[in-house]
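Each chain carries a letter (A, B, C and D) given by its place in the written order, and its residues are counted from 1.
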């Protein structure tokens, strides 16, 4: 049987392997060194690779991204950690106006093999400034690639691909999944960016779900299967590039679509998926597209409110029932 | 006949009237005083109201938003100018994590009558860092209201409403429209936030267009009318709150929808409109929804490339023809 | 100061100390959601600063803000309930530990973003300046925060506009696990005042009276319209960065040395020297403990907020605000 | 320096001067799209700094960057064509005046965001430090930019990591229409070096040799691994903020006084004193004028880029990059 490791370990293994493989790879972030990172993701790497490869910084996110992107521009392969995705607000210019655009503005003169790792998501009562899912800002920023894995297997393979990628990648982990286990082979593997994974096959309804919501969708699918409704769970894994073909193929089969993500509904990634599908698979659609997302509020602190605001398994079940008519 | 003024004058009149009307209103921004603003929008106001009401700042956008929101939190009614919307990257935390969330995080203890004015849009070969349309980041940030007017009339009435509004409003002007003229009555009026305006009635296709694209859509509609195709142009004017009813009603009538905006397509406001309509007006839809947006690239400098990247009248015409089948 | 006033300082420090301990206990017992940054060890900064403020002055706080807001007069019960995530909390359970605010008492709010509050303090001070009401804003932030861009932008703006702000750099020697030595080369954060041509001062942050004196001077200056001061208070946190952090990054002996300079021990010794009887202080402490227990009890017994309330308070209830939630 | 080397400095300053004048002329005639920030008057900073750099050193520039990149060796024609928005431009017409870059010559790029380049300079320097190749980064920014948060964060980081950066504060007395006096209280930007415990120096930015000397010293220090320097060059721009800005905010007589200290006049006087014949300098200037005219001609005659090229260079052409444009 294949060994099981957590998403946290998957990230760490990917980082370790790429640090070993390529001297140009280095990590940069706040307390990722001796401390091991606030989420303990980088634990042990400082001891193994030393402070020149695992670089602790002051609490200066704009300086972190700038340092990483400047080093990338001259051929290094930095992996920057932003402690929580919520903090991209203080370095959004460096991400969106600098990293994302530098290659284009210079007519292709620069290549930026830069990875920004950052955890997102709610579930820990960390309230409005530590619980967000901000991938929608990033997919709306041409020049970035955006990855949002769900399983340990995907996490490891995609992070290795991201680090080897010659474009700036924002790699969004989910804090609630750090302890989630799954099978991961011992040997080296890389998962190409831009390929969706069908996490469950089904003929009745296509459910596109990202990050932690993949697990919720799988749970919903299991319950619905008992009623004879078969969901097909499509995990895009990378939002940019998006595996549109996989989504469209699934919808062509099922004729029904539910999109699930944890970010607020308004202007979220789900809108993009809905817009693509209604444009490119209009004739296949048998029912209105449903979105299951967080409500359009900041994240509340109270666990009960947080649960109410964010999508739950029963919300997915309800949405699937709605599209089944 | 009603007098005609430009959008620039409309903004200035709205500011002047509100400055006169309410002592708590003040303006804050970079060179908005003696200099009159880089777009000359605030010209003359410093001379009229003095440096305590029209406050020049250093080039410190995070400090500008912070100062405005702090003052708003204790009852002032500041209007902050961010010289170009592209610069929200350097103050996104203050906008999205502070201004947008402060009321919620405090359980409603704070009211933030804060307006942030900022021009967006391409058309002046100002290249990648001075030509963006970033409303999608803002509509995805619960806690903000987002206004994007097209005509001088709407600009004036909506800005006055924004300044009187007790919630943080981001008011996005369009740099290409500053010289655009339109009828504006002499007397005082206010346009409530959240009401779309039908800029042209038509039975065949609903065209939802924002900001400068309203003019492009009107031009397209005029040309299409010659072929007997009647477009209904819906200008949402405010994106949050969105007048969904107006859009849905129009689609119920026409059965066809084209959404036009200048921001890149991927993850843009158009996706949200499409997602709403496919969900709430599915049975009315006779054709796939088309989006006419900028391509998913940063904005190039060359005028020819800029024109190629951004939506043009002929693109709208083509999209309308497509949905007409 | 009268003896009563001195004892009141001590009482407030005791409140903070016991509040933090109870909160930590409840957190470790799983009764408090989220995570917690404890200010134990830093009480003299909070109390020294806030005791120098007028009631209508403001404080802007941080993620490690329980002390600041308690010292500014936050209601123990409402605050405890907030940290418990209850509907009776001062933010109805929506904010939690990192987002305590109480405008009626001049508490503008804690902040989950390091350095996020500093620009906001300027705005509150700007309003005060415009209204010429003599109000001052005390803006707390950590040593780590002094490397954020917002620190720089805000101090510069306050400087050129002579805003009535006391910037209180609460230097507890670490930003998370990174010692000050590793995150900046200056010995004193206050050395940075020169970059804005404003006065900078360093005080022993474990000496409540020293903090108070320095703050009074800065407030006077601010109220005279002469602008901001950067006041650095050197102190230390007894817990780790958050409750549960074992603090492995500390130097050997470091915690112990600081424990000997515990602000509560120091001030109690001082009070006894001033002739306050030990028994009175013991009784005071017992009273505070009881008060805090009541707050815990109140919080514990309070209800969680009802689900629908999650949709309230996103927007002020204007016509547009009501429709914006869609 | 040999006489030839001195004359070369002058030549580069002349190139910048005439380049900027031609560009301004073409802009006012409607042949250049977008907008333009002219560096006329500031040539001695660009040339003084860049003449102190090695060929494999880097510069990070600003919106007012023509001088910096010309001094670092950018190709006149490719640069002019870029500003004209032509396909032959060094960025294929995609960048324009504010985004000139040429990595082969160590030109990391201009920047349309005030203060946006400063953190990036650190990254380039970090790579140099890791590779131990002795490279230095000269990072230009304006007086206005010294109030951006990025300035603070980046100088602090460079300080603690001893990065080989020369931070060149090009103080032309104004950030747009706001005089330095109105945007910061410090007299010298270099005074801010103390906030990072790095050396700060002020030089006459209109004296090319003084700028060069100071830069050489800072580079030496950087190459020895001793870290960054904050070098302030006091200078003045002859045009307004952008070409077309009448500069009404200037003090009466101010421009005239600075014109008398025009760096080109000063240095020509110096050269003549050193025995360089006036006729030789006149010929040099004529030669430069001709060169710039050729660049204008080249730019003028070049083609606009083809439309489809707008979709290229968003991503590096990896498999994922190719699919990401969708």
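The criterion applied here is as follows: contacts are C-beta pairs under 8 Å (C-beta built on N, C-alpha and C of every residue); 3 or more make two chains touch, one makes a residue touch a chain.
Bear in mind that the values here come from a model prediction, so they are computed numbers and not experimental data.
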Interface with more contacting C-beta pairs, comparing A-D to A-C: A-D
Taking each chain's C-alpha mean as its centre, the one farthest from chain B: C
Where chain B and chain C are represented by their mean Cα positions, the distance between them in whole Å: 39
Geometric centre distance via CA averages, chain C-chain A, whole Å: 35
Centre distance in Å when chain A and chain B are each reduced to the mean of their C-alpha atoms: 30
Shared-contact residues (touching 2 or more other chains) in chain A: 57-58, 60, 62, 86-87, 89-90, 93-94, 97, 104-105, 127-129, 142-143, 240, 266, 296-298, 300
For chain C, residues contacting two or more additional chains: 91, 93-95, 99, 111-113, 116, 147-150, 153, 156, 160, 182-184, 314, 324-326
List of chain A residues in touch with chain B within their complex: 62, 86-90, 92-97, 100-101, 104-105, 127-129, 136-137, 139-140, 142-143, 240, 263-264, 266-272, 274-275, 278-280, 282, 285, 287-291, 296-298, 300
Complex contact set, residues of chain B against chain D: 30-31, 34-35, 38, 56-60, 62, 86-87, 89-90, 124-130, 266, 295-298, 300-305, 308-309
Chain D-facing residues of chain A, complex: 26, 52, 57-58, 60, 62-63, 65-76, 78, 93-94, 97-98, 102-112, 142-143, 145, 161, 165-167, 192-194, 238, 240-242, 244
Chain B contact footprint on chain D (complex, rising order): 33-35, 85-86, 91, 93-96, 98-99, 111-116, 144-145, 147-150, 175-178, 182-184, 248-249, 304-305, 307, 309-311, 314, 324-326
Footprint of chain D on chain C - complex, ascending: 147-153, 156, 159-160, 182-186, 191-192, 194-198
